[in-house]
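Quick one: the structure is below, and I'll ask about it shortly.
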Amino acid sequence: MLEAINLAAVRGDRRLFAGVGFSLQGGDLLYVQGANGSGKTTLLRMLCGLVIPEEGKILWSQEDIRSEREAYLQSLVYLGHLCALKDDLTGLENLRITEALAGEEISEPRAMAALQGVGLNGYEDLPVRVLSQGQRRRVALARLALTQAPLWILDEPFTALDKASVGSLKTRLEDHLEDGGMVILTTHQEIEIKAAVIKQVALAEY
Amino acid sequence: MLEAINLAAVRGDRRLFAGVGFSLQGGDLLYVQGANGSGKTTLLRMLCGLVIPEEGKILWSQEDIRSEREAYLQSLVYLGHLCALKDDLTGLENLRITEALAGEEISEPRAMAALQGVGLNGYEDLPVRVLSQGQRRRVALARLALTQAPLWILDEPFTALDKASVGSLKTRLEDHLEDGGMVILTTHQEIEIKAAVIKQVALAEY
Amino acid sequence: MAFAGINWFKYSSPASFYPVAGKMIPWVASVAVILAVIGLYFSFFVAPTDYQQGEAYRIMFIHVPAAWMSMFIYVVMAGYAAMGLIFNTRLSAMMASSLAPTGALFTFVALWTGALWGKPMWGAWWVWDARLTTELILLFLYIGFMSLEAAIDDPRRASRSSGLLAIVGVVNVPIIYFSVKWWNTLHQGASISFDKAPSMASTMLTAMLLMTFAFWMYTIAMVLYRVRCEILERERHSEWVMALVEERK
Amino acid sequence: MLAVLRCVMMRDLILAVRRLSDVLTTLFFFVIVVSLFPLGVGPEIEVLRMIAPGVVWVAAILASMLALGRLFENDYRDGTLEQLLLSPQPLSLLVLGKVMAHWAVTGVPLVLVAPLLGMQFGMSAQGIGVLLISLILGTPAISLIGAVGAALTLGVRGGGVLVSLLVLPLYIPVLIFGAGAVEASVSGLGAEAHLSLLGAILVLALCFAPWAAAAALRISLD
Amino acid sequence: MLAVLRCVMMRDLILAVRRLSDVLTTLFFFVIVVSLFPLGVGPEIEVLRMIAPGVVWVAAILASMLALGRLFENDYRDGTLEQLLLSPQPLSLLVLGKVMAHWAVTGVPLVLVAPLLGMQFGMSAQGIGVLLISLILGTPAISLIGAVGAALTLGVRGGGVLVSLLVLPLYIPVLIFGAGAVEASVSGLGAEAHLSLLGAILVLALCFAPWAAAAALRISLD
């Protein structure tokens, strides 16, 4: 489904990586590995179409993602280093608005259920500003329970989560993979996720 | 040296914890444990004197930290969830200014060496804005190589670090503990740090 | 609190203050009404007509006590705020925030009656005279205090921040009071002072003092009422409030 | 399609309400800048009437420009802009929604307050009417043009000055036709010509600005 | 002690230079607001001269108020303010350093530009001199008082308007004595009385404002 061919990235004067390629089918898990600053975030943002590759191209069902942008984005969820939450809105509002912008109108009870699914019962109506670091992350992660998109691109999703949440996120990822979804992941923690096919891309210090 | 007696914290309508107490001597490591939102960050900020306890008090060498504020702050380093870096300044400038404000003027070569110590050779003169998440964290952590303070209070210091950096931070903490320093730590990752005395404070869901 | 012996802070605990305040309100309120009735009678029927200003001067019996109260309440409020900041007592902060609306009301009344009075006396509703300006600033300080408190979600931070503002604003009060002395302005100088004999008729003085006491009692009654609401609001999760609610049901 | 436009608008409107300050600051500013003039000029109604259109228009442009910084900046910092770019909807539509919300919270209050200010300057009812129409046509154009500048300079050091430099020249035609329309109507000439030019600018801006701003955002987030 | 003061100032000055835009925006604003008046009023030098002190002073206060939002907000967001609070130096000293830097980048340019604007209004050399002195005494007081308001409203919903609400009343005396001094000198009365009052306000503010702002910061970060 997703195919990356000979990707290269340049930042400032530095060439971060080159010749990166892989292909991903339903049920596949891809680990992007590398030290800090090796370009993992850059690669993931490239796969989302946010960064334009210096070389190479990215195909989704055989089509270049830049020509079939809207269809591609429909099947994609990206969670980056930042939580992408509005401090002044409550968790509930944040979740519903994010989903609406991603093209899915979520009813309030469903959004509530998703927040409770990440263990935020009782915090749904607090402005995100007052939540703890891990709670903020969990609001962002609640999207994963609502989305229909097959391709999840997650940049260090386990950051700031406590053990219970790490466990439940892990299960969610495994369920998604079992259902034929795809996951692209970076993480510096050792967390073992079961999947039919596990692939790796290692970004070396260039 | 550091003694906390019967601390309690209230946020909004919620009582986060109560009756928290411990005492710490040179060489001791204290783990603060608890799920997301259980009040770890609040406790650490309280120990720094940023949050005023609802009940209880905190003593440093038998003196209340609020009456002996300046002496206490002199012997303290706190690193929080935020990196406390100015995006527009370079790593070098950030480090030198932070240290100067903490009361120590650092010469440029020393600061350089500290940055290189956390593996940022070649990135010293880039504005922090363009650094990767882990590199930013490392700029913040470079302080630990420069400070004389015996008490380190670290809120999830391992976040965003790659394995090599986690290892070297771990060694740094162990060295500090061996030299008679104190470390207070929260982390959701399983990282074993050797210390003469390891204490734990567990914050339960109240 | 489980301390043995005398507990000086007993009545600074909201739980014990709440019922005491409840018992006091009707008494204080009745005294306020009685004093106001007598005071108004003195002001409008007993006090002699002024030989310079005619009948218009009678507005003084509202204006001056209101102006006094506006300043006095501010100082008391700042005092409570300071106590709340220093001793971290919950009740002081609640007292400060209950005083603010009444203080603002009296400030407004002083400004309004002053303006009404200014038209016949100076020929203008308003001049940028030192006392008038500083009194206006006082009104803004009250409003700022209330808005700041309302804007902050966390009640602890709300009362601390607004308390600090109240303390900062206290510099304004002596300026209001002494402005007529320091600057040569349109506004009347002090007619009552402690070091020399009152310069006005004793019935006038009686009327003014009666009105002042009436305002005072009104303030106390209002503040007790408001502080009770405040206590319930802020302590709604505490056991004694829950017990109280159960009892009422 | 329209649902997503509504959603972006609602989002930004809710945020504006939560931070009412920003909205009021703009309005406050507009009113103060305009009100300073009668204070300064003194109460000669003839002079006031003469300068009114120019003053109101300049103040309106300044006030909108002040608010421009907030259009994308906050979303950029907290990562929500990135997510907006990943929405499967056309980005220019989303930008349009944001600009419309921005106009609703900065432009509309100006438009609503302008008649009062006009009266303060002794303008005739007709003059006020034309002022209103010119502002209704002109302020959205200002927001649209400003969006392009704001998007271009996102996260660039020294962004603010650059925006002003880029955007101010583009504002000049709006200012000329806007103030011109009112002046023409006050002095008895018809305002139609000016107003239709203003309308043309608005239509042009509506067609191109969201698209250009969207492209600029993509570049800024690369 | 002084080293740390210098350090905070240097830091904020470097940051201001890196984001020159913000500095220029304030100045730009001041100049535009002031310059609008002669355009509006027309070239009658008598009228201009009369309104000049008030106009310049109001514009200066508005411009400084605009810049207040940035005094602590950015440091608050990126966590550096927290670290500042953990410095073993007296916090009021650090606040003073920040305020001085803020004044250097917002107040000083206004002071430098003011004579030019004064000339534009046909003020006499003596009047301009007094204007300059009054601004030199007044603008730091404005920055100091503003710091307290900014610290109190840090991270509060609707912060912007609240700052104006809290701070404007306290600005009134500065405005009255500042504009008063220039007017007195222009009309031949001595400006000394006004200037010394302005000086007194500055001294008061210097003594109390850093301390109050420091206390407010501690509360806001609790």
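Letters A, B, C, D and E mark the chains as written, and numbering starts fresh at 1 in each.
In the analysis below, a residue touches a chain if its C-beta (ideal position, glycine included) is under 8 Å from a C-beta of that chain, and two chains touch if they have at least 3 such contacts.
As the structure is a computational prediction, the values presented were derived from the model and not from experiment.
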| item | value |
| --- | --- |
| Chain located farthest away, centre of chain E as origin (C-alpha) | A |
| Most widely separated chain from chain C, with each centre as the mean of CA atoms | A |
| Classification of the chain D:chain E interface as same or different, half of numbers criterion | same |
| Chain closest to the middle, measuring from C-alpha centroids that were averaged per chain | E |
| Pair sharing more residue contacts (C-beta pairs) when B-E is set against B-C | B-E |
| Computed distance of Cα centres, chain E from chain B, in Å | 37 |
| Mean-CA-position distance for chain D and chain B (Å) | 46 |
| Gap in Å, rounded to a whole number, between the CA centres of chain E and chain D | 28 |
| Residues of chain A whose C-beta touches two or more other chains | 81, 88, 130 |
| Residues within chain D bordering two or more other chains | 18-19, 157 |
| Of all residues in chain C, the ones touching two or more other chains | 153-154, 156 |
| Complex contacts: residues of chain B adjacent to chain A | 11-12, 34-41, 81, 119, 123, 126, 130-135, 137-138, 156, 159-166, 188-189 |
| Parts of chain D lying in touch with chain A, wherever the complex brings them together | 3-4, 7-8, 10-11, 14-15, 18-19, 78-80, 82-90, 94, 221-222 |
| Contact footprint of chain E on chain D as seen in their complex | 18-22, 24-25, 28-29, 32-33, 36-37, 39-42, 47, 51, 54-55, 58-59, 62, 66, 77, 157-164 |
| Complex interface listing, chain B residues touching chain C | 10-13, 52 |
| Of chain C, residues touching chain B in the complex | 88, 153-154, 156, 237 |
